[in-house]
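The data blocks that follow each hold one structure.
Next come two complexes, and both contain chain A; in the first it sits with chain B, in the second with chain C.
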Partner chain A sequence: MSDTETASADEAEISASLTRYLHDKLKVEVAPDDDLFATGLANSMFAMELVVHLEQTFGVMIEGQDLKLDNFRSARSMAGLVTRLRS
Partner chain B sequence: MGTESETYQLGILGAGVMGSGIAALAVGHGVPVVLMDTDPQALERARAAVAHQVRHAGLVAALPAGVPRGELVLSTSPEDLAGVTAVVEAVTEDFAAKAKALATAAEAVTPGTPLLTNTSGIPVDELADGLPRPGDVIGTHFMNPPYLIKMVEVSRGPRTADTTLAATERLLTGLARQPVVIRDAPGFVTSRLLHPMINDAIRVVAEGTASAEAVDQLMRGCLGHPTGPLRTADLIGLDNLADALTALHLRTGDERSKPCVLLLEKVRAGDLGRKTGRGFYDYGEGLK
Partner chain C sequence: MSTGVTEETGERALIAGLVGDRPGVWDLAGEIPTAVLRELGRQGLLCAQVPERYTGRGYTSERNGELTAYVGSLCSSLRSVMTSQGMAAWTVQRLADAGQRQAYLPLLTGGKLAAVAFSETEAGSDLSAIGTRITEGGDEVVVDGAKVWVTGASYADLVLVVGRCTDGAGVVVVPADAPGVRIEKVADPLGCRAAGHASVRLDSVRLPSSALLGGGGQPLPLLVTTALAYGRMSVAWGCVGILRACLDAVTEHARTRYQSGRPLAEHQLVVRHLAELLVAEQSATRVSEHASRCWDGGAPDQVTATVLAKYLSSVHAVRGAASAVQVLASAGATDGHVVARAYRDAKLMEIIEGSSEICQLILGQHALSR
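Let's look at the complex of A and B:
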């Protein structure tokens, strides 16, 4: 596999792990592209739980410009953020 | 608050949930804070808690852009309050603890410095009673988290000076909070109405009528409550809720305000809500 393919495989795995986490927390099925805030599934308190979860689970630090709600809208956007911070 | 003509330095007494939350609100708005507690370990925990909450406020765009953070000083000695322009008392919801903290602050600050108590329902005038300058005391009941909830319940005691009220309103406005001033009374407005309702919600769970999730779902979906009473209880902190209910029961005689058995059981078990990771819900290790 090329580096790009590895990265996207990792990203898909992270996204899958996050949809499992969201299902566990929110008690509903969550698709990778579901907008957690628009659907009312998540609120401002839960957003910070997501930050802490990503940092502890994937060993990243989310700081400065990255610390904005848009990055946490969906499992896919969070997986993208983690992948970028890890590279 | 660079454009304000007044510059502030806030003294905060008590490094618990509300003390650290109010500190996060202030430093996030560029106001320097002296956070005082008698327990050095509580202060150490508060350092991380304030940083966490400033990040949270930043995440949800609840802080003004381009304002440098205010400095946070952690202290166990009242002398460090000497230069502050206002004090917020946020110690345990217990009359004696609050009266003692306020007396210590009153001695340390310049006369006329507003002494704001964050009590959720002990009448301000009772707390002001033993102090050398009762006119300096006013109630500012912040909600948790103080950096996300813009409205603050301000309780004006019968002896609160006009200058104290005016200075408090300027301070809150500078912190982008919206004060609503009411007359001093046990439980003020919010705790008088909310706390017995939460207590009843816990009784409903204890009686097996519905799960905590179902109670919250109904209160949200049918009645438009933003989070539901049990999640709100976890956010307040169950020990604080029980203390506030006891204070209300003591002063009103209202039996609905007597902390119910399940609430007291959870407090005894150390399941205090979000701050310990578990209450009526599980929050995981991350939030401890």
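Let's look at the complex of A and C:
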């Protein structure tokens, strides 16, 4: 597998792990592209919890410009953020 | 281990030396001498969790918590200034880019004083109603808005202003002397009278875009929750301090004051107050410790644990301070007295950084979502 393919496989796995986490926490089915803020699923407390969860689970630090709404809209965008921060 | 204890004794001696017996005088005057604040700032004690690489003390949340409780036991006004400075530093740590962290954090551990401006006349508990605008254009940002009840603002060199950006929200670091900034002290606040509460008006304040932390565009709820998380932790520990001061004052009084030929400590109804104060102080300490340990361990539960600690500690502080005034009676019923200050200061702690009712809503939702 090329580096790009490995990265996208990782990203898919992270996204899957995040949809499981979201399902567990929010008690509803969450698709990888569901917009958590637009649907009102995420409140501010949960957003903060998400940041801490991502940092602890994937060993990254999310600060400054990375704390943008777009990075937290969905499981897929969070997976993209984690992958980028890890590389 | 012994080094830690020595250091702790050293910093407490330093604080005790700077504070002395003056909190009562500061309370009556509504002012702490700026030299005291700057010296504590230069020692890194107002925001002790700033990492060492930014010339901070690098304390854990738990160690900073014990320090906060100590300062809170002496003077809640000073502790409130400490809460503001720590919240400013934490906000920079979290939201700023690397260059901004390097620029601002050493100022905050070097004697400059900072405040964080959230509330507006129409946006108190509901910060989603914030109307302050941050307009980005080219290499500058323009800030317009009016903030109220900004703790520490009358002393501040820098005010971190929360506002709306084109996309999402942002925090701008505004020098207090920038053209278009007007800071006006709140006249006669109920409690924490010397904490420098002020309103901050911003009329077309133009700043270089480097003043907008992390380039802005962060989600408002996330940004507010991030900053408030530190503030709530600090208030929780500050209330532990209030309870410790009350417990000390009440036990001392109960031992030495005689009524009907016996010390107060032999009157059962007085002893009940003592027992309840002890339970309050211990409960507040334990929940604050737990929240700090969650924070230090990076547990996602820290968010809820912090709200719970803030809620429980402030509610206990309000009740504990009331019973302390009750036991000391005429001996403690003058402004400036430690229990009189505790009585007024504790009530404000039940209001700021998320009122008790807001905390109850958050905790109730948490209970439902488990």
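Heads up, the rule we're going with is that the second predicted complex is superposed on the first by the 87 of 87 C-alpha atoms of A that agree within 3 Å, B and C clash if a C-alpha of one lies under 4 Å from a C-alpha of the other, contacts with A are read in each partner's own complex, and residues count from 1 in each chain.
The working rule: a contact is a pair of C-beta atoms (placed from the backbone, for glycine too) under 8 Å apart; a residue touches a chain by one contact, two chains touch by 3 or more.
Keep in mind it's a predicted model, so treat the numbers as computed, not measured.
Look at chain A after the overlay: chain B and chain C clash there. Once the two complexes are laid over each other on the shared chain, residue contacts for A:Q56 go to chain B and to chain C alike.
Between chain B and chain C, C touches the greater number of residues of chain A.
After overlaying the two complexes on the shared chain, residue contacts for A:S87 are found with neither chain B nor chain C.
When both complexes are overlaid on chain A, the residue A:M48 reaches chain B and chain C alike.
With both structures placed on the common chain, the touch criterion links A:Q65 to chain C but leaves chain B unconnected.
With the complexes overlaid on chain A C-alpha atoms, the stretch of chain C that clashes with chain B is 327-335, out of 255-263, 273-281 or 327-335. Contacts of chain A with chain B, set against its contacts with chain C after fitting on chain A, overlap at residues 27, 43-45, 47-49, 51-53, 56, 67-69, 72.
Of all the residues in chain B, the ones that touch chain A in their complex are 52, 55-56, 58-61, 145, 148, 213, 227, 235, 283-284, 286-287. Across the complex, chain A is touched by residues 93-98, 100, 167-168, 213-215, 217-219, 221-226, 229, 298-300, 302-304, 307, 362, 365-366, 369 of chain C. In the complex of the two chains, the chain A residues touching chain C come out as 25-27, 37, 43-45, 47-49, 51-53, 55-56, 63-69, 72.
Residues of chain A touching chain B in their complex: 27, 43-45, 47-49, 51-53, 56, 67-69, 72.
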